[in-house]
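Per-chain numbering from 1; labels A, B, C and D assigned in written order.
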Amino acid sequence: MQLLNEYKKVRDRSAFICRPLKTEDYVVQPVVDVSPPKWHLGHTTWFFETFLLMPHCEGYQVFDADYNFVFNSYYESVGKRVIRTDRGNLSRPSVSDIYSYREYVDAAMEQWLTYELSPELTQLVLLGLNHEEQHQELLYTDIKYILGHNPLMPAYGEGPQLASINNTKEPISIKAGIYEIGHTGEGFSFDNELGRHKVYLQDFTILSGPETNADFLAFIESGGYQDFRYWHSEGWDWVQKNQVKAPMYWHWLDGEWQYYTWQGLQPLHAHEPVVHISYYEAAAYAAWKGMRLPTEFEWEIAATQFNWGRRWEWTESAYLPYPGFVKAPGAIGEYNGKFMVNQMVLRGSSDVTPPGHSRITYRNFFHPHLRWQFTGVRLAQ
Amino acid sequence: MQLLNEYKKVRDRSAFICRPLKTEDYVVQPVVDVSPPKWHLGHTTWFFETFLLMPHCEGYQVFDADYNFVFNSYYESVGKRVIRTDRGNLSRPSVSDIYSYREYVDAAMEQWLTYELSPELTQLVLLGLNHEEQHQELLYTDIKYILGHNPLMPAYGEGPQLASINNTKEPISIKAGIYEIGHTGEGFSFDNELGRHKVYLQDFTILSGPETNADFLAFIESGGYQDFRYWHSEGWDWVQKNQVKAPMYWHWLDGEWQYYTWQGLQPLHAHEPVVHISYYEAAAYAAWKGMRLPTEFEWEIAATQFNWGRRWEWTESAYLPYPGFVKAPGAIGEYNGKFMVNQMVLRGSSDVTPPGHSRITYRNFFHPHLRWQFTGVRLAQ
Amino acid sequence: MQLLNEYKKVRDRSAFICRPLKTEDYVVQPVVDVSPPKWHLGHTTWFFETFLLMPHCEGYQVFDADYNFVFNSYYESVGKRVIRTDRGNLSRPSVSDIYSYREYVDAAMEQWLTYELSPELTQLVLLGLNHEEQHQELLYTDIKYILGHNPLMPAYGEGPQLASINNTKEPISIKAGIYEIGHTGEGFSFDNELGRHKVYLQDFTILSGPETNADFLAFIESGGYQDFRYWHSEGWDWVQKNQVKAPMYWHWLDGEWQYYTWQGLQPLHAHEPVVHISYYEAAAYAAWKGMRLPTEFEWEIAATQFNWGRRWEWTESAYLPYPGFVKAPGAIGEYNGKFMVNQMVLRGSSDVTPPGHSRITYRNFFHPHLRWQFTGVRLAQ
Amino acid sequence: MQLLNEYKKVRDRSAFICRPLKTEDYVVQPVVDVSPPKWHLGHTTWFFETFLLMPHCEGYQVFDADYNFVFNSYYESVGKRVIRTDRGNLSRPSVSDIYSYREYVDAAMEQWLTYELSPELTQLVLLGLNHEEQHQELLYTDIKYILGHNPLMPAYGEGPQLASINNTKEPISIKAGIYEIGHTGEGFSFDNELGRHKVYLQDFTILSGPETNADFLAFIESGGYQDFRYWHSEGWDWVQKNQVKAPMYWHWLDGEWQYYTWQGLQPLHAHEPVVHISYYEAAAYAAWKGMRLPTEFEWEIAATQFNWGRRWEWTESAYLPYPGFVKAPGAIGEYNGKFMVNQMVLRGSSDVTPPGHSRITYRNFFHPHLRWQFTGVRLAQ
């Protein structure tokens, strides 16, 4: 019954996030990293249909056989279908078709969840729910991108409730020694957090709070975007090519910096943690400050001593397997391991992370040039 | 009153074309040449608001000042707005907002059209209506592309009514001599048809009917797409790069050629005129036949002697100004002249050309690689 | 004997053009349109080996079978060789290998040319020599590009001797009527000039001289590159994307316009005909002047009444087949016909056209954005 | 005197590597990662001129002020010069000019090195020599690319002498615990090796020898390039896009695998260590074997117990700063730190690494898709 309740709660939340949208907002894909909201709604549903109902629920009838093709993000075989296209070009299935799909699958799932499940199936349901929660964060970030890159800059509405965090930045010092890293215990975790293991850390200091808009503004005003010495070589190319001059959503208007928020354009709040910066910007900012980013191990060990949760915080760790990492067999196994190259780890969670979805061992990861997520920076030394 | 009636009739027809669409179908832009249907609806409305109501209708209040930015296809100035984006990324204004915009402008126009207009203003209204009719043809072709490139291949519905044409292909011979080309008389025409002038034509023969699917299938089956000798150098590159093997919308399925139509996938109709071929394909087909395409002048002189109207027919004429061509001053003047390079002329009209919109002097034009219009081929020698 | 002498004269001239080069200058290909000089030397030699010696000279032994692959610009089959590469990446065959290849083929040709040849073979030798003369013009333009785009801007040397032309620009008026166009007579011509035929021309006026650097400077200084109204839509995109602000080889240095010449950087000569402009620039300039470019037919009819020969002059004619144009069979037939799309005709000849290679009926053609040839502009009305 | 002798020895070796080249081979740049040999010769010379002679040798006259622009790979300022171009387009300075440049700088350096130098300047000279040795390895790899991608596949000559290595692959087991990593002692090292520090390693096993051509052939023959399960997501995209089917330089010819070597095409030597594979290929191969790549720390600790030196060995470590890494100030400081993102570490050395240039703490790094270096794979578990 607890799993059933959890199922209902998570599934309802996806629809709740989309409630302020117009039908048109569900459809577009302004850049390749952003998916149309209706795709998220369909893809998360497809997960339950494909990995639970089809193999394990006797007598289940697939809602629409074509949906496997449309909503499968991992589809590697080629040539089976006549038409291949991008997510943002798909006007069909319609939004109401996808909500029908959700209702159909939810009805079957809710019926099926009244039975006693094996531990393996329970884990798979939990994986599906955590998968959906990941897409809920993406729903928020993608919706913000879609509305915030529309020339009319429409407001979304109220937006998620924000944690209140004491923004003081005190240095926290940690002594060198052997520490343990990685998930342990009975709760859910992704495969990339598993394999709790020892690491040796050197003495280090980390700040108790993230850097703010006011901090970052000082970097901008001192010419940080114009001085190649602070930047990685690839970061500098990225700045030049994209003419980057400020974090995403910042606009210089009427003689002041404004930024796009859930309520539309607003003057910059100086004391908010800076957000929507790339790894390149985080690292250049740290270099300008004469400091550095923490490694993901430093972050995990120190994080018990500070508040976090408003921003995904870039670390100086590349996304690589923990010792003993093993991919699960089959399609589920593609979940994490195949992305372990050319991405940087982010730790913490953000304003738009679903409640209960964050953990101190959680490893998020993105390419270093991306910044449409709620990404910020905390300094170390 | 006649102009008012004409206005209502043309404006209603745009909405009629879109009636079978779902809201989502109005939004997407699968390739750069295709515009979202809602953009067509807004842009044609913007024309009347900008060129007629704003300068000439006293007391007119603009519906929404931002729409000038969103619906202006000729906007050349830069830097005025914070966000610039592609048509297919715009979820707002919503479809219902755009229909409200149409109603608002139509109400103002219909009121204003009850007054006596100067000949110049009457001409400008007619230009607006002909402009909207051009976009009605684009609405059909873009809708077909959007639905026909969706993996679900949904049907549109009944589709436009087709002219019945005798498809016999008899040779028509025309004697060499001086002929007159270009629009004359009082009816509406675009600026690119004006300047009636003499040309000298050599003896030539042209067929009384267009080539059919069966004809084109013979080209395919004899290896026409694999033999570079039939192709222009750029056409051959286009075939290789895009792996072209048949006209657009043709699919080899279950051992036969099928094609996407208004009613969904259907077996090929052998006797229909072939459609959705590029200039490169038309020219290669003609070379394979040992014939050639007619020039636009040959077509215009001979067309009084045959039926046409199901397909836009590629000619061997580049789109260039007629002798004495003068661009109109101002934004209206951008209408045609600025496209007079790198495009080929098509003559005739198609299944989706609005009734009354076609003329024997009409000059349509597209880049030689495009084929999402209803383009076909007629041979000459 | 005359053919043998002509052969020697033409072949020697290619080497003469390359005499000022260093070995390294023969090798590079800075942009796709420019070929390395050593490729030109090899390719023109390959023509004689492939189309004359191999099929028609008994006992001829191929110099190196691999050269067919390296020097064949028309090679359409694929997959035969392990490595495919771009011309500018080929360090081998070396320059001295290619000169050995020339000597080897020349020895065989000169021996073979002492025999009586059939008219067909004589024509083929003449085609080979005219082909080599075309590449001699390309040698000059490509060498200028290679040296003029090197940051050291080395001088080439003396450069070709220039025709002295009276630069006065008087209007020449031609009456409307039927005129004859195209090559006639016994001399050599390319296939694209053949099929002498009647055209009807309207009354027109054409200037007796080409536009000068001083004329074009006035266009620049009045903001011509910043005003989209003068430009074709594609031309305007080209200006924006490439940040074009002046003809190729012009540099704003130390407060004045200078340009790269055979002798290195020099101050602009005001009275020289403007050179190295694209069709887009020529057409925008004409629009700014309130005039237009002549058609290729107007040019051919009027050119008996003015001097020409310093610049290839852009016309308002697209490159299309003359009535009755027939491609020669086989590889030779690819010579001209397959380029008849998306290119504009240029008439006249230039400072670097080989003596005796120009004709009033000669049809040169390039894509409208190209300007590394010696291209200029003459106005009409 | 020892430094002077070392200087002469290193400088001579660059010229020795180029001795088999023709002038043309010095000029080309077939892909962006490969530099023309003449650029390497000039750039390494520019280093001594710029960082030693100009600031520290009184009375030194610069050879040619323009060379700073041509040979500076770190040049970040923009707009100073009229012409900017790619290395592979530069026919000038000529090869003989560059050898004159080398002689001129060498004469000044050899004179200057007879004086007593401060420890800082001695270190800077050593940095210049190690920098030149790095470019000597690049000279070999770039020359192999230039000749091996020419359709004539010319031989280079004898090639470097190969270490003889016992190729047995015994498992070596290392116990978990704290180990020390990084350069120590008085010898030269790069900044990225410094900061010797403790790491904690888990129990692991590593093989005593690298994988061979025969091993890799088994991967190919079992369909490894066709099965996405073995690949990183980005690696799989790379395989698809580039149609990768074997290591670089392998060709399937006449029914067998051959590969390009210093002596031209040869049948594959089964027992040679596999070479010219990307990180993606190394990782996919390891996954297919059910093993993994070692981390760079595991490699450094275990490498005292096995032979290495024929191949750069991909590790599962991203290229990141060691704890306490500090960039040197000024242009020299750009040396390593700015590349610490999106690259993977390779350990060991290769057939073409200069003698004496390798160390057990040496950190080489390349992007994961590159394979023109002598890159191979050693497995761990």
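One rule holds in what follows: contacts are C-beta pairs under 8 Å (C-beta built on N, C-alpha and C of every residue); 3 or more make two chains touch, one makes a residue touch a chain.
Because the structure is predicted, anything quoted here is derived from the model rather than measured.
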Quiz item: Quick one: which chains contact subunit B and subunit C both?
Solution: none
Practice problem: Measure off the straight-line distance from the CA centroid of subunit B to the CA centroid of subunit D, and report it in whole Å. | Solution: 57
Self-check item: Distance between chain centroids, defined by C-alpha means - subunit A, subunit B (Å)
Solution: 44
Quiz item: Among the residues of subunit C, which are close enough to touch at least two other chains?
Solution: none
Quiz item: Chain contact graph: line, ring, star, complete or other?
Solution: ring
Quiz prompt | Which pairs of chains touch, using the document's own definition | solution = A-B, A-D, B-C, C-D
Quiz item: In their shared complex, at which residues does subunit D touch subunit A?
Solution: 76, 176, 178, 197-200, 202, 204, 228-229, 231-236, 279-280, 283, 292, 316-318, 320-321, 323-324, 333-334, 338-342, 344, 368
Quiz prompt | Sites on subunit D touched by subunit C in the complex | solution = 22-30, 38, 66, 69-70, 81-86, 88-95, 146-147, 149-154, 251, 253
